[in-house]
Amino acid sequence: MTTFAFYFFATLITLLFLVTVLSRNVLYAMTALAAGMVLISGLFFMLDAAFLGAVQLVVYVGAVMALYSFAMMFFDANKDIKERNGSAVTVFLLGGAIAVMLVVIFTAPLIGQGVASLYPPAEGATNPQAVGLVLFTKYLVPFEVAAVMLLVAMISGIILAGKKMDFSLSVVEATKSIDSKTIDNMDNTEKKGDK
Amino acid sequence: MENLLYIALFSPLVGSLFAALFAMSPKNIITGIVTSALLLISFIASAILFEHVMTVGAVHVTMMDWIMAGDMLIPFGFLVDQISVTMMVVVTLVSTVVHIYSIGYMDHDKSFNRFFSYLSAFVFSMMVLVMSDNFLGLFIGWEGVGVCSWLLIGFWYHKEDVSRDVNPSISPSWAANEAFIMNRIADLGMLIGIFILYWNTGSLQYDVVFAALPNLSDGILVAAAIALFVGAMGKSAQFPLHTWLTDAMEGPTPVSALIHAATMVTAGVFLIIRANPLYAMEAVEWVSYFIASLGTFVAIFAASMALVCRDLKRIIAFSTLSQLGYMFAAAGLGAYWIALFHLAAHAFFKALLFLGAGNVMHAMNDELDIFKMGGLKKVMRWTYLYMGLASLALSGIGIAGVGLAGYFSKDAIIETAFNEQNYILWIILIVTAGMTAFYSFRQVFLTFHGSKRYADTEIHPHDMYKYVLIAMSPLAILAVIAGFFKGWFEEFVTVLLPAYKMSEETHHIAWILGLVVIAFAVGGIVLAYIKYNKGLKRNEELENSLVYRLLSNQYYIPQLYDKIFSKPYAAFSRFSWLTLDQKIVDATVDGIGNMIKTGGDNTRKIQTGNLSDYLRWMARGVVLLVIVAFISHQLSQGAN
Amino acid sequence: MLEPISVSLESLNLITLSPMLIAIGGALLILLIDLFKDNLDKTMYVMLTMLILFIDIGATFSLNINERGFFDLMLVDGISVVSQLIILVTSLLFIPLALTASNNRFHEYSYPEYFALFLFMVAGLQFMVSTDNLILIFVGLETASLSLYTLIAMHNTKGSHEAAIKYFTMGAMAAGFFLMGSVVVYATTGSVELYEVAKILQSQGVDGLSSIIAPLGGAVLMLVAIGFKVSLFPFHMWTPDVYEGSSAPMAGYMSIVPKIAMIVVAMRFFGIYINLNIEAVSYLIIIVSVITMTLSNMMALVQKDVKRMLAYSSISHAGFVMAALALGTTKANSSIFLYYGLFMFTNLGAFAMLWISRHKAKRFHGRYDHPYEKFSGMISAHPIAAVIMAIFMLSLSGIPPFSVFWGKLYLISSVVDFSAATGESKYIVLAIIMVLNSAVAAYYYLKLIVYMFLKPPVNELNLVYTNKSLALATVIGFLVMATILSIFYVQPLMEFVTYLVSSSGY
Amino acid sequence: MIGLSHYLVLSAILFSIGLVGVLRRKNLLMLFFATEIMLNAANVAFAAISYHYNDLSGQMFAFFVVAVAASEIAVGLGLLVILYKKYGTLDLDEFTVMRG
């Protein structure tokens, strides 16, 4: 049963992500991404990580996708994107090479086999409880730092998308730059210097 | 004594800083006077120290512990012993004269104050170089004189670049950069040498390093000796790093006199003398021999180029090169004290020669072509006297124990070559001596004798200011009498340097050897006199007409000699100057630079500005890292 | 029902968190002040930020070395303290550069949030260096990076936006590789804490090809992320563009602070391999750093713009430092920190000199704002500025007695010492390559000096120091003095650094 | 039976898919999608290893990765907004002023 579920999820996730990466339509790509995320949370549930699965659903499908859809509307990207993708061979060759490399690394014997677990889930606790226990003791500091990080992200988002950025104080719009003649001179002096 | 040492060392620095205060303001004679006075003080302090070293012994002070971290201890101290005090006296004396001279020479230059600031800064660096008691201090002084030399060669940086045909050194800033870059290449060798010594002996102090030398393996000794000599080659402009020296003549003439004749260029010789315990080791015998051979080669190589040169300052520059070759020959043959003696004597008469040339330039509105001069002896009596004396000293004129400075010092080197039974070097050095005499007097005669070839121009030459001429007199006196101190000097420095005595047989026939040299020198002078005393007809193609005139005026030299020897020789001189020098050596240096540049241009193309390309490069980098990791793994397996 | 867990407060050793808490608290304070009072002058915020950084430095100094805190998550050791000090001192020198002349107010300084984000970034970097837990390293790194992207973009020119997006996108990809590296480490050892990882690798042993693949693969993946942040070839691509696009002080700051933080992480991570005598990793790092320093030097040689030249030069300096990191000796590690400590004064100073010549309206050139030509003949127009700039350039090219020379001296001598200690002559080759590279590098630094001292001015639109203010002059004066007088403090500094580094066994 | 290596290989494949997306996308919005895939691939691996060792560190890591991903999107989209305002496009071929 788990074997079937794994292969089912794995195939579907792979296909959906391929759609995300290859599709020319933003909407398709985004929908495929969202669906892939949902299915990944399925994998998490299979791996006894119920809490993580829930977080995945809430954060990705809830928050991230909502953000992306807003962005999509803002950028008016609801149509096919024209991309000059250039040399597809290089890209797929590189992707393939790195995939092979990772697979080789992962299928190599793991020397940590039989090492005692450092943070086993507490006895008799459900997964969210066990996670909570570790998260709020050992990992309280990263948790707080993550909170700071989210604050940073919020401030950044507000500033960058804010109206105040529309008008820059760092440049005066009528930029006075040197005319092309001086640039030519520059090149000439450079050549002379090269001698 | 310690105070005197600091006075000698720091007065030039004070002078330099003082002049620097006025660097941007218009000419102020005070800067010249103050810096000269401070140098005079420095000279007096050095002289007293000299006396002290002679009567009491060396002075060694440690100013401070410079770096002290973990096992690295580099105290920064100064050592005034027989070698350094000789250098100090020579440097400060010549500098004082050159400073006073410059007050007159730079009279009309708008950057008068800046010039004195640089010049005094140079003297300070030179003092650090000679007085340091360790290799690091020496290196700092070494770099310091390099920077000052760069600033001074490029002093008239505003001059435009011109093509090589018009001016072989293109422009002052070009020449300055060439000198600096060539020296940096050599400095690299020196730095490596210092590192080798430090890492094998654990110290940079001369005494500690030299004491540890016998424990080192042969390979390390040879490597250190070679690396240090590479440094010396750059500073002393030995083949193939010699091209910068003649181009450095773009600088003001006092600079040429002080830096590119008397002091800085001899730093390489000084280094070899300083490191004599290293070069005297048995293991590095062949390196020393190589040094001697290279020195001899440079001596004749430079002299041959001087034969056909028309540029007043370049002739003297070639002559400097040639004399440096002599010094290296002596040092390489183990006669360190003779090298040091020649260094000192040469400093006096070569500085005098340059300053005289400066007078001529000043009189001739910066004209340097000796073919356009002539007959100046009437209007420039003193300069004529000085330059004549200096040329006599350079040619080594004298007989039976009486003679000018060069007679004693240069002959001693030639005698050394004979004593070492190295007859090839001996013959080359003797021939060079003859050539030296010839080109020196060719220059003197073309400049001062004959008809006034400048008559149709607007130039009205006149001699230099009186005080300048008086200031030059100490050098003139020393050029005449320095040689008489030879025996006494030998006694003084051989306390520290290995004594070098001629063998019995050499001693017996020394007078014959001396006579041979004199014969060559006199022969050279006479030849020059005959060819050039009556002036120069300049209406024909020069090279050929010279040969032609020789043929028609043949006094001693048979026709055969001209056809077989003189013409090919002139051709060879031209060839060595034009092809060997400019095409091969310069082209190699340029070529390396261009290669790096082209490499940069090509690599730069991957920086396209396109984010996608950057990301792809990152991915390529991952693959690259995997490959490199695999190779590294194989390497580490192979090593085990 | 689960047992409640009780943890004693002492065992948490909360003092280890104090430096970061001060920075975060200060940032929150700035946000609060902004909330209650609008339109305060930027000078107030600058002063407040400097005050907070001062307190932070004090807190860092008062830390006890070699302590763990908070369930062994925090790790205060010598390299953590010394890197935090470098980060904080650089920040302290960077922040007053906001006080440009009053007629020249740049966009980012009009936001109080700029200072808050800056302090958050400092806190993130401090977290990154004071832990050996990959999770906290990652979170700290991302906090710092996200703040940094925003700080760059806030300069609000077209260039700064382009810079920010390039940095951001490549940073996201590098983060992916960091995670994959962590996955490999976690998969092989079952732990994300580096001291546990070291223990497990030690006990299990790593001989034979099959057992080395995974650790080596982890090292490669990590090196991608580290190489991105430290700017090693070919992950350096963002560096010149980002430096060009961001404001000059920010570029100077970026060439030191994020790099030193990542170098600490690299030291912790690759230290495991070096202690296990896995030579392949040392070779890997050395090969990459040699390529880095050589190629970036070559590219710096052909630059037309001083700022880009400085960017490439900072890449080559990073390559220098990484080569020493591969040795793993105490001396090499100490000289890395010494190098950055000394390099900081000079490099920040050089960028600050570009900063004071920045003008809002007058760009010197359509494409470049700081081409070499801009500085030609500077000696006659602004002699003091020219001399200061020349001193910075001489220092960067490693000419004694200026500060970077000492850094290079110690760094190269650590390589030579290592070679002598191990008897491996190939490290001498490395030392020679390093020396050769600094000889080549001298060319492009001296080129600027040639322009400043030996060339005539190009035209009327020569640089006018519109940006010069008392604050900037003070900072630059301090940096110049620190560069020149390095000879007097380099020795105690080296002793201090060596003491800190060696006391925690690096 | 499905073991750890199955999950790890899946993770490797997903990571490479994300990487291909990052490398070939020219539209920045769609490029960001691909970075999300890379992060998620790591999460799958973390969860699987965590399960395999019966150790919660992996889940912790994955949890923080999710937080980081969310923050990155906020900042990234902020950057995209401002770029779109200034340049009127999200095509990264347009952002090539600085080069060389």
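The letters A, B, C and D name the chains in turn, as written, and every chain counts its residues from 1.
One rule holds for everything that comes next: contacts are C-beta pairs under 8 Å (C-beta built on N, C-alpha and C of every residue); 3 or more make two chains touch, one makes a residue touch a chain.
The model shown is predicted, which means the values in this text are computed figures rather than measured ones.
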Where the centre means the average of the CA atoms, what chain is farthest from subunit C?
B
Between subunit B and subunit D, what distance separates the C-alpha centroids? Give it in angstrom.
65
In angstrom, rounded to a whole number, how far apart do the mean CA points of subunit A and subunit D lie?
2
Cα centroid separation, subunit A vs subunit C, in Å, comes to 25
Shared-contact residues (touching 2 or more other chains) in subunit C:
135, 139, 142, 146, 149-150, 153, 165-166, 169, 173, 180, 187, 190-191, 193, 217, 240-241, 304, 455
Of all residues in subunit A, which are in touch with two or more distinct other chains?
86, 90-91, 94-95, 98, 101-102, 106, 110, 112, 115, 117-118, 138-139, 142, 146, 149, 152-153, 156, 159-160, 165
Junction residues of subunit D, two or more chains touched
4, 8, 11, 15, 18-19, 22-26, 32, 53, 55, 57, 60, 64, 67-68, 71-72, 75, 78-80, 82, 92-93, 95, 97-100
How is the touch graph of the chains shaped: line, ring, star, complete or other?
complete
Sites on subunit C touched by subunit A in the complex:
2, 5, 7, 17, 24, 31, 70-71, 73-74, 105-108, 110-111, 113, 116-117, 120, 123-124, 127, 133, 135-136, 139-140, 142-143, 146-147, 149-150, 153-157, 160, 180, 184, 187-191, 193, 196, 200-201, 204-206, 210-211, 213-214, 217-218, 247, 304, 360-366, 371, 373, 447, 455, 458-459, 461
Give the list of subunit B residues in touch with subunit D in this complex.
604, 607-612, 615-616, 619
Can you check the complex and tell me which residues of subunit A touch subunit D?
2-3, 6, 10, 13-14, 17-18, 20-21, 26, 29-30, 33, 36-37, 40, 43-44, 47-49, 51-52, 55-56, 59-60, 63-64, 67-68, 71-72, 74-75, 77, 81, 83-86, 88, 90-92, 94-96, 98-99, 102-103, 106-107, 110, 112, 115, 117-121, 130-131, 134-135, 138-139, 142, 146, 149-150, 152-154, 156-161, 165-166
Using the touch definition up top, name the residues of subunit A that touch subunit C in the complex.
101-102, 104-106, 108-112, 115, 117-118, 122, 124-125, 129, 133, 137-142, 145-146, 148-149, 151-153, 155-156, 159-160, 164-165, 168-172, 174-178, 182-183, 185-186, 189-190, 193
Quick check on the complex: what are the subunit B residues that touch subunit C?
23-24, 65-70, 72, 139-140, 143, 154, 157-158, 173, 176-177, 180-181, 184-185, 188, 191-192, 195, 198-199, 596-597, 599-601, 603-604, 606-607, 609, 611, 613-615, 617-618, 620-622, 624-626, 628-629, 631-633, 635-636, 639
